[in-house]
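You will see two complexes here that share subunit A, one where it goes with subunit B and one where it goes with subunit C.
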Partner chain A sequence: MKYLSVELLKISKSIESKISYLFTIVMVFIIIISFKMGDTSGVSNIDSVFLTLGNFNRYIMIYFVMILMTSLVVANEFNYGTYRYLMMRPVSLKQLLINKYIALWIFAGIILLLTSIVSFLVGTTLFGTGVLHGENQIELSQPLLRFIIFYIGTWINTFFIIQLTTYISILLKNNINTIVVTFSAIFVVLFLTRFVSDSILDFTPINYITLKPYIFNASIDWSHIIFGILITQIYGAFFSFLSLAKLKREDVG
Partner chain B sequence: MTKTILETKNLTKIFGNKFVAVQNLNLKIEAGTIFGFLGPNGAGKTTSIRMILGLIKPNEGEVYIDGTSIKENRNKVLQKVGALVEGPAFYDYLSARDNMKVFGAYSGNITEKRIDEVLEIVGLYNRRNDKAKNYSYGMKQRLGIAQALLNKPELIILDEPTNGLDPYGIQEIRVLIKQLSRDLGVTVLLSSHILSEVEMICDKVAIINRGQLVVTGDTKTLLNSEKKIYEVAGSDKTGLNDILKSEKNITLIDSKENESDSICFYINDGTPEDILVSIVNKGARLKSYSPKKITLEDFFFQVTREDE
Partner chain C sequence: MKISMVHLIRTELHKTLKMQIVRIIFVFSLAFSLLSFLGDARTSAFSIPLSSISNLTQTLIIVAFISFTAYIYGVELQANTLKIIRSKDISCWKVIGAKYLTAFIVVLIFIMSIWLIDIILAVTVFPMADFTVKYDSNIILARDGMLFVLLAFLFEAMPLFLVSCISLTITIFSNSTVLGVISTIFIFLMSKILESVHALKFLLPSYHLLIWKDIIRAQPDWYQVAAKLVVILIYCVILYLLSLHRYNTMEVKH
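Take a look at the complex of A and B:
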């Protein structure tokens, strides 16, 4: 717990975390206000929560926040030279990485919760209360359950981007390069998916960047949700394995 | 019997299958001493220190701290060591105290009281809430020593702790190192370029050159046991230098670099009187001829040049 608490301390006191909170709130306002300015018929406060979370995923805004934070927590250890000092302590690489992952994951949870709360409050103010709507304005049952699945599914999937960015941080050992390269890699991969069939993409995290398509139908598509989360976590675990192997193999500079 | 706190056995590091950075390094440091670790740039000091701390893996050899091998029980060994290696490093956006909290958490059960104590020892308690980025380099060095002290180490390793400091900063660190040894009983392994500093504070020294240990022993004994240095000055330095070069029984020191009138040399064979008579007979016109107290700097140049 003591390792986790200091990793959280590093996150909470950083300028990057403040930027992330501000970015989240501003984006929520932008998304909801743009909907308000468009066709607002049939939009409720509950819908607005799904709209913001959905857009956060679809336009990889949550990825932006997590890449920024992971580069701070991992790549900056190399930038500052503090990694050398951590490795002089009686702590294993595994413990170090796991605690960084958990701290970043908690931060991702806070950002998503903030997104939900702010969207609910702003949505209530702008659209009023109402029911949850799916495609073609059909009324969806179990809004709370759908919200929990969407929220937790998105949260679990942020773990993948934390693990991917950690690996790139370890490769590049520089926070700015990490941000640029990770984003570039994601955009290149997203572009290349245009030329790949959906049946192949089903076995990559790409098709599960947002779980909204599997939640927004009349019935919840549990098999796709669980499969998507599993696939994403397998890819994440692979990057974690690579990170650990790289750190174990190389000398501490 | 005095306890051996650090022992290296045949420590060897080869980079890229070619460059031998450290070869068969055997060091033994007794508890409670201030041990100077000297060598020219690139001699292998930092590589040795990094192997001692487990930051890099040796190709051969072992490091024992308080009798325990670092390879076999890294965590137990590192609980007894604190270090400042290749300059201090901190989270710039955190305060000194928060930085200590981070390193403290990874060091074991470090209390808030202990954090305040180490900040007090290095004289930064009153600036504990300032962000690390607002610290001068000298303050960062002291904060670096504070982080090394957090876990109450038995051995503290300081790699060039006075690098980049002004004379006041150097003096402060020197006093601090003496204080650590005297008041807290900590063994100090000090790697430094400033030979006068090592001479002033170290009980024992080891000199490493081109990855190999050249000499080790008590500072005072080493300086007293070596060949005496003589200093001679004449009205014509160039002429005197030529005469001295022709003398077979002496070795010149720094004859080119020395900008003063005097020239220093070791006597390899014969008495100082024999040498004096010989050089006067060769036509040297002398202003002075006297023994010079050997300093660690003279000794360092002597042993590292002999090695070359």
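Take a look at the complex of A and C:
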């Protein structure tokens, strides 16, 4: 727990985290205000929460924020050579990695929560209260449950990008290169998906970057949501395994 | 002894092209552009470079790549060489100007290399036939194809230079390469979303990113191209002046 608080402190004191908070708030305002400029008849505050969370997933903004923060927390240890001191501490590599993961995951949760709260408040001011709407303006039941699933599902799935970026950080040992390579790799993979059938993509995290299609139907598609989260975590665990194996072979000298 | 601008640019260029990050970005962009050979059956060689430029600009990936030109200034921060530069008899406008011009040359090398590799491979594999684009129903003749594609890539260097300018300016202001890169990408994401507000469109940097689309038409829209170039130039000059002011007034600790 001691290391977790150190990591959390490192994140909260960093300029990157402040930029991320600022970016989140500005982005929510921009998304909602630009939406308000269009035809917004019948739009409610709860719709605006789904709109911003959906856009955060669609434009992989949450991924981007987490790539930035993970490169700060992991790759910077190599940039400044502090990983040598970390490896000499009386704590296992597994524990070190888990502490970094948890700290980053908490940060992701805060960012998503901030997004939801700000969009709810801005949405209430601009659109007023109302019901949740799905595709073709159909009214959806259980808005709170749908929000909780969307929020928690997205939060759990950010764990994958943390694990992937950690692995790339350990490989490249430089925060700038980590950001470039991770971001580029995601773009290339996303681009390549147009040549792959949906049945194959169902077994990759790509189809679960946003869980919105499974939540926004008349009935919630539980099986796809649970399967998606599970698949994403399996891929994430694979990258964690690789990270640990690479770290174990790392020379402290 | 006064150091000339050409000498400064040559030094900056030499430094920049040796950077690992620049090479990584170049390899990734090239790999990404070559993906255009996959997918739908092509009937004309000109569709390949156009598909490349479309993929690179419309996915905003090129913004991520180009924003790394911030490293042109970032490398001074990393190596603590700003104090050395300050102690030399070089005017501030030349130091900053050389960095901006180097960014422009790097962008030009970057985009024109993609064009050259794409077009050579494309004409080897596919015939130079008439072609169409999704946003214009008229056929573009094969005899115009080569020139139009070349001009599209050449002019595209200008909005990409704007990306570099934004990135460099933020890096100079924040004294951090990471912040320069990240903020540039954030700005373009925000700008992309704001494009839905019609009144603001023409002022947004992301709106000018697709200048190639105004050229690749049966009848290129030169008025739009000129208007966009003017806006881009104004932005670049403002950003340069802001950076110069910041560089003149900041305290160099390293």
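To be clear about the criterion, the second predicted complex is superposed on the first by the 252 of 253 C-alpha atoms of A that agree within 3 Å, B and C clash if a C-alpha of one lies under 4 Å from a C-alpha of the other, contacts with A are read in each partner's own complex, and residues count from 1 in each chain.
Simple rule for what comes next: a contact is a pair of C-beta atoms (placed from the backbone, for glycine too) under 8 Å apart; a residue touches a chain by one contact, two chains touch by 3 or more.
Given the structure is predicted, the values throughout are model-derived calculations rather than measurements.
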{"item": "Which superposed partner A:15 touches (first subunit B, second subunit C, both, neither)", "value": "both"}
{"item": "Partner chain in contact with A:88 - subunit B first, subunit C second, else both or neither", "value": "first"}
{"item": "Contacts of A:171 with subunit B and subunit C, given as first, second, both or neither", "value": "neither"}
{"item": "First (subunit B), second (subunit C), both or neither touched by A:110", "value": "neither"}
{"item": "Contacts of A:80 with subunit B and subunit C, given as first, second, both or neither", "value": "first"}
{"item": "Partner chain in contact with A:37 - subunit B first, subunit C second, else both or neither", "value": "second"}
{"item": "Partner chain in contact with A:5 - subunit B first, subunit C second, else both or neither", "value": "first"}
{"item": "Touched partner set for A:247, first subunit B, second subunit C, both or neither", "value": "neither"}
{"item": "Partner touching more residues of subunit A, whether subunit B or subunit C", "value": "C"}
{"item": "Residues on subunit A lying within both footprints (that of subunit B and that of subunit C)", "value": "15"}
{"item": "In the complex, subunit C residues that touch subunit A", "value": "20-21, 24-25, 28, 31-32, 35, 38-39, 55, 59, 61, 64-65, 68, 71, 74, 174, 176-179, 181-183, 185-186, 189-190, 192-194, 196-198"}
{"item": "Footprint of subunit B on subunit A - complex, ascending", "value": "2-3, 5-6, 9-10, 13-15, 76, 80-82, 84-92, 96, 251-252"}
{"item": "Contact footprint of subunit C on subunit A as seen in their complex", "value": "15-16, 19, 23, 26-27, 30-31, 33-35, 37-38, 55, 59, 61, 64, 68, 71-72, 175-177, 179-181, 183-184, 187-188, 190-192, 194-195"}
{"item": "Partner subunit A, residues of subunit B touching it in the complex", "value": "50, 53-57, 74-76, 78-79, 81, 83, 85-87, 89-94, 98, 101-103, 105-108, 147"}
